[in-house]
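One structure is given here, and the rest of the page talks about it.
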Amino acid sequence: MYEFQINKCLTFVYYKTTNMNEEFEKQFAELQKKVGKIEKGTKDQLTMVVFSGDLDKQIAAMIISTGAAAFDMKVKLFFTFWATAALRDPKKKVGGKNFLGKMFGMMLPKGARKLKLSKMHMMGMGSAMIRGLMKKKKVASLPEMFKTAGELGVEINVCEMSMDLMGFKPEELIDYPHMKICGVATFLADAAESKVQLFI
Amino acid sequence: MYEFQINKCLTFVYYKTTNMNEEFEKQFAELQKKVGKIEKGTKDQLTMVVFSGDLDKQIAAMIISTGAAAFDMKVKLFFTFWATAALRDPKKKVGGKNFLGKMFGMMLPKGARKLKLSKMHMMGMGSAMIRGLMKKKKVASLPEMFKTAGELGVEINVCEMSMDLMGFKPEELIDYPHMKICGVATFLADAAESKVQLFI
Amino acid sequence: MYEFQINKCLTFVYYKTTNMNEEFEKQFAELQKKVGKIEKGTKDQLTMVVFSGDLDKQIAAMIISTGAAAFDMKVKLFFTFWATAALRDPKKKVGGKNFLGKMFGMMLPKGARKLKLSKMHMMGMGSAMIRGLMKKKKVASLPEMFKTAGELGVEINVCEMSMDLMGFKPEELIDYPHMKICGVATFLADAAESKVQLFI
């Protein structure tokens, strides 16, 4: 009789613990997988399309970016359309452009110091006023913000198609430590894994 | 004595396993519920307000949308304000509009082919230049992008209030396979469940 | 022999249950922590940068905000750059401004009733037309939307740097129940914890 009870006991224990383990481990592994997937999609990362080449919007983009990087967020910017002009280095000259490329090159601002306000540009007076004010109020200038962004590890991805359309060449862009030229797929992958996404 | 030990053993097993189960199942179910709720809020989905009717911003919106859809993301667009004008079909005519409706109808661009650049429109020269360049560089035109978007299942929700304010009628919109007219509540519900949200 | 088996049984039970518990509790606690962290980053909250001072974009921002708040989302707005002008109360006068402050004060619109459309302002005709249409169609006016937003608990954070740059003083802003002046860090913290983020 004892033997029977002991066996029953062992069977019971085996069943209870093993079954629980198996069924449970399966469910737990599933949940872990789910959480892992969600975690990958909510990284402490800010991904931003910088579309505008307006001085004011570029300043806003760089204040948000350097702020986020200072708070230890990973920051990935996708410069596209008019914004790419802000990345041109006025000291660099490139040849071999076709007619349209030359035309765009002349018409679009050559670098951050030449950008205009979206409102109240007023033949340059408004834009100069804002630049003067920022200096007076000890707010960093846009080129200084780019420098800080580089030091903080902010990544700048430049839209390949925009470069191609406007006839810009990689050689005429500013020296920036974390810059690469890529397509919209890179932006989408970055955006899908970040907590915060903006279009400026 | 053996009997006593066997009973103790069984009681112990029962207690350990059952209690663990109960308490644990409760906690586990709670966690599963939490994860489920979070999962619903981070769908592999891109929800975008398309507010601008500028050619360049519409192109940006459609490049991002078709790109995301090609990468198997669900894409839901909310066309509002000036963007609704891009959805007008120039070949469709509707009658019965009041004075303001007729005026808006005339002043706003009739469809994607009539949109202007946000910058450098230059009496149509800039916009024509971009359209020409895109063709030359084999970038799809905006109407082609809408076609692709339709094929990829991109949903276009058109803001009811904007249609009403501008006097647009559903009958004058382009034929698009996944279009419906709805309110801001639809956008909010879509945005709340998606990984990526943008305002263009 | 029985004794041996009983001891074996107890040891087995002890091992199975205790070990499982310990190892498992550790893993479970880790998962709970992870989920908690993710949960904090996906609050039912909408955080928006309101950058534009255009009438149409401000209307869009407030329709989205009051809509979200009506659906029980927490809404936090960060008014910056041109948008801060929309918060000025035309009935309030402040003295002690320097030359630039006075100039900005005069050039920028004094409150929501003075904002212009981003497109088709047409010397005020377009903006007046939209205002008239909204009234006719029983859409709330922008000042009414601010009132509703206040009642629904929408928080307005005003960018300190913008106020400083434009020489605006807190005393000249509208009376709003949930308004405070703060920096970009506040926006970043709010954005990082919300489900939906937009830049308008």
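The chains carry the letters A, B and C, assigned in the order they are written, with residues numbered from 1 in each.
Criterion: a residue touches a chain if its C-beta (ideal position, glycine included) is under 8 Å from a C-beta of that chain, and two chains touch if they have at least 3 such contacts.
Quick caveat: nothing in here was measured; it's all calculated off a predicted structure.
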Does the chain B and chain C pair touch with the same residues on each side or with different residues, judged by whether over half of the numbers are shared?
different
I need the rotation angle between the copies chain A and chain B from a CA superposition, between 0 and 180°, in steps of 5.
120
Hey, how far is the Cα centre of chain B from the one of chain C, in Å?
21
At least two partner chains per residue is the criterion; list those residues in chain C.
2, 6, 9, 13, 17, 20, 28, 31, 35, 38, 42, 197-199
Of chain A, residues touching chain C in the complex
2-3, 6, 9-10, 13, 17, 20-21, 28, 31-32, 35, 38-39, 42, 44, 46, 56-57, 60, 63-64, 67-68, 71, 73, 119-120, 129-130, 133-134, 137, 139, 195-200
Contacting residues of chain C [partner chain A, same complex]:
2, 5-6, 9, 12-13, 16-17, 20, 24, 27-28, 31, 34-35, 38, 41-42, 49, 51, 53, 80-82, 100, 107, 161, 164-165, 184-185, 187-189, 191-192, 197-199
